[in-house]
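Before anything else, here's the structure in question.
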Amino acid sequence: MTDVRNMIAKNIAGMLHDGDFVNLGIGIPTLVANYIPDDIDVILHGENGFAGQDKELPITGIHKDVETYKAWLNTHGGEQTDHLSGEGHRDLINAGGFYITLLPIASCFDSSVSFAIARGGHLDVTVLGGLQVDICGNLANWMVPGKKINGMGGAMDLATGAKKVIVAMEHCTKDGKPKILEQCEMPLTAIGCVDVVVTELCIIEIKDRKLIVTAMAPGITREELKEKTGAPLTFAETVQTMEGV
Amino acid sequence: MTDVRNMIAKNIAGMLHDGDFVNLGIGIPTLVANYIPDDIDVILHGENGFAGQDKELPITGIHKDVETYKAWLNTHGGEQTDHLSGEGHRDLINAGGFYITLLPIASCFDSSVSFAIARGGHLDVTVLGGLQVDICGNLANWMVPGKKINGMGGAMDLATGAKKVIVAMEHCTKDGKPKILEQCEMPLTAIGCVDVVVTELCIIEIKDRKLIVTAMAPGITREELKEKTGAPLTFAETVQTMEGV
Amino acid sequence: MKNKVVGIEEAISHIKRGDTVMFGGFGGYGTPNNLVQEIVRQNIGDLTAITEDFSDGYKPFEMGLTALLSHKLVKKAVMSFAGGQPRVTEQVFSGELEIELTPQGTLAERIRAGGSGIGGFYTPVGVGTVVAEGKETRVIDGKTYLFEKPLRANVSLVKAYKADTFGNAIFKYDSISFNPLVAMAGDIVIMEVEKLVQPGDIPPDRVQLPGVFIDYIVVQEEVAP
Amino acid sequence: MKNKVVGIEEAISHIKRGDTVMFGGFGGYGTPNNLVQEIVRQNIGDLTAITEDFSDGYKPFEMGLTALLSHKLVKKAVMSFAGGQPRVTEQVFSGELEIELTPQGTLAERIRAGGSGIGGFYTPVGVGTVVAEGKETRVIDGKTYLFEKPLRANVSLVKAYKADTFGNAIFKYDSISFNPLVAMAGDIVIMEVEKLVQPGDIPPDRVQLPGVFIDYIVVQEEVAP
């Protein structure tokens, strides 16, 4: 399971280019950061207001009770620590709510600028999780009707505005139903936005209402893939082999 | 002539309140700053991007030739002088293009914020010059057809957005024609925007298509005022006497 | 000039039962948490809240705006993200809370429009989704957009790291988020600050939120979750 | 990562004859004056200029964008203020220059919309004036607004005081004006800076214009009028 998620993340990381400005959504997309090749620099955008995340910090235990948390806040604010420090700063989180460090090239900005970036086509790539994707490139990833209320957060802005949208998701639901469909059934995040879907089974490019398989995981057959997909597949002339973890 | 302009400015300054956030247009409005009573603080907005002007600096002679100007620029930039210094700084001007100083409470901002201030009702008062004003509160102040091309600059935004618009102008044109009319003939700056007109003869409040004279200059008769005005006048119950210079 | 620095009790007394209140911050960070606690203390209810979120309800204590829900002080929320906040789900399902979900960037833009005198704008975000229901769509230069309207509040609550007594403020890192936008869109604007300094201590071109937008300043050195 | 710092000749070579070019600054202050001079030197004409103004033509030398007019490199200008610039009047009356006059705040907002993916917006500014001619008006909540469309450029030219090699920039005083907006609305963005520093020298929460918007940086310590 962890391997599946990491494998998806690693294959997406391989699609990034030096200098790309990229937003990574919550879930599998977050893991992409761990696999960015050493020889390229990628600038990570956080929709809550920064460009240039370095690391998510493994700060644990501070939320166990309110006294512990307050004590931490009061020693990790103001000028007491900085964005380069692995100690964390109470005013420096990413959109997932994790404390982070920033690169020297980083900048912070307010939410109107942050979403001008997202909506205005300034992001080269956004990687988002997915519940369902269809042949039109429609994406559903924010709401399961009848379940707890989530809200779309920044997902609609990111899916609509980025130059390239990559969806990172497992190929089927937990009970084995296809998530790649002729037409999404769940509430949409954005229409016609998805360029590429990466699952643990394959990489699919979506173009002109076609699902074009450009790579497959080792050991998967075309028949198997067709069975697990809820829409017709086209295979690229050369189908690559996906990287393992 | 100077006295006329200063008298108008002084009477407008008397209408301001402590803490008011105010934009002063070019021309007579600029002079208002010289008459703000000592016991109140007024925050002056510059649409090119600041709140809190202190003084316009009497820097002369630096534009006489390009060498002189360049030499001045190269000694008055960066960290060489600051906003409190009477020396001037090459990156600190007001909307009229004059070098200025700023108060300690001052802030600078980009043009989108500056016009969010103007358009969004954040200015308590804007004082603008006028070519013509009419009984609907329409203002014409930016264009004389057939003459050189001026452009509206920030005048339309300021006239439209400020909570209170005061027009500062001489009562008649140079050749004696009324500038306060039933209907403006020149291209409008904004419709229904003018609250008060202050001339060297009187102060007029515009309300419900009525020109209500609330104050008159010493020695002016109502008959004289009516003759010099191109629309019917109403006189307030108590007509005050305007302040002299 | 009027002294803007007041006590927290006086500041929050400007909020009336039934008001629309707008909050800066994101996920409880850069959120005026002390001001929120004071709303609870004064028990001001029937509020419409405009906020990115109600913060993280998974923590073992109430962070950010969570307390407003626990005390049932909010009747309606215009918001973007509720993930991880069980009280939102509970109160929506029980009919106690009405919510209007708005994409995060659209929320930022609507607040900015409200503070900037913009009557509405067209965004491509939400086209073809539930967000578009009941809204005008329009094709401009071949692309489809949704019409969105501005948001304003009776009272805006913001949080800055440092401000001078006039309200010129700066923020640490990304705690800036919605704060400068929210500060432009309230009839009354109250700012919580950690450090109060004198005018002149923050250079004019260093100011991130001009003091001209601020009506009241509350100094709270202690951080509330 | 690609090196953004280039020579002025290379930077300006990205502008093609007939391009739409957008300029930061106000009245020649905060204007990328050295980049403007280089356009003249490379004699790139037939341009559409989007600019607040063409600077002060009353001075005994060419300041700001004036030189572009003297050399007749501009065929159309979207601008706000021409007062004091005799060449604008001359060239409009002679038919050499077409102008679209836009209120200054509307210009700022249109540029911001162009950089932010906004398809258009409603402003109360210009209603009932010549600015409204040929434009849609709409009553929203009882108030009349004008529909205005976004502006973008092939190339945006901006000027900052100081920037790091990634393009994170700060401005002195009000030279910021249109610069951060213009930097968001160009397909290619070139920045003139007085002082170049290393990444890390400008703290992230001090940055006024994020380097992510900048493609090329030209260091020009000498100030051109």
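Couple of notes before you dig in:
All chains are identified by letter, namely A, B, C and D, in their written order; residue positions are counted from 1 within each chain.
FYI, a contact is a pair of C-beta atoms (placed from the backbone, for glycine too) under 8 Å apart; a residue touches a chain by one contact, two chains touch by 3 or more.
Owing to the predicted nature of the structure, the values given are computational and were not obtained by experimental measurement.
Considering the contact criterion stated above, the chains in touch with chain A and with chain C alike are D.
One simple way to say how far apart two chains are is to compare their mean CA positions; for chain A and chain D this gives 35 Å. If you average the Cα atoms of chain B and of chain D, the two centres end up 27 Å apart.
Computed from the mean C-alpha positions, the centre of chain C lies at a distance of 32 Å from the centre of chain D. Contacts with at least two other chains are made by residues 109, 112, 116-118, 123-124, 171-173, 176, 204-205, 208 of chain C.
With touch defined as above, residues shared between interfaces to two or more other chains in chain A number as follows: 50, 83, 102, 108-109, 112, 115, 119, 160-161. The chain pairs satisfying the stated touch condition come to A-C, A-D, B-C, B-D, C-D. Chain D meets chain B in the complex at residues 26-27, 29-30, 52-53, 56, 59-61, 79-83, 86, 88-89, 92, 99, 101, 103-106, 108-109, 112, 123-131, 161, 171-181, 194-195, 208, 222-225. For chain A in complex with chain D, the touching residues are 18-19, 21, 41, 43, 45, 50-52, 83-84, 102-109, 112-113, 115-117, 119-122, 160-161. Considering their complex, residues 1-2, 112, 115-118, 164, 166, 168, 184, 198-200, 203-205, 207, 210-213 of chain C touch chain B.
Those residues of chain A that touch chain C in the complex are listed here as 46-50, 63-66, 69-70, 73-74, 77-78, 83, 89-93, 95, 97, 102, 108-112, 114-115, 118-119, 138, 143, 148-157, 160-161, 187-191. Within the complex formed with chain C, the chain D residues making contact are 109, 113, 116-124, 138, 140-141, 143, 145, 149, 170-173, 176, 204-206, 208.
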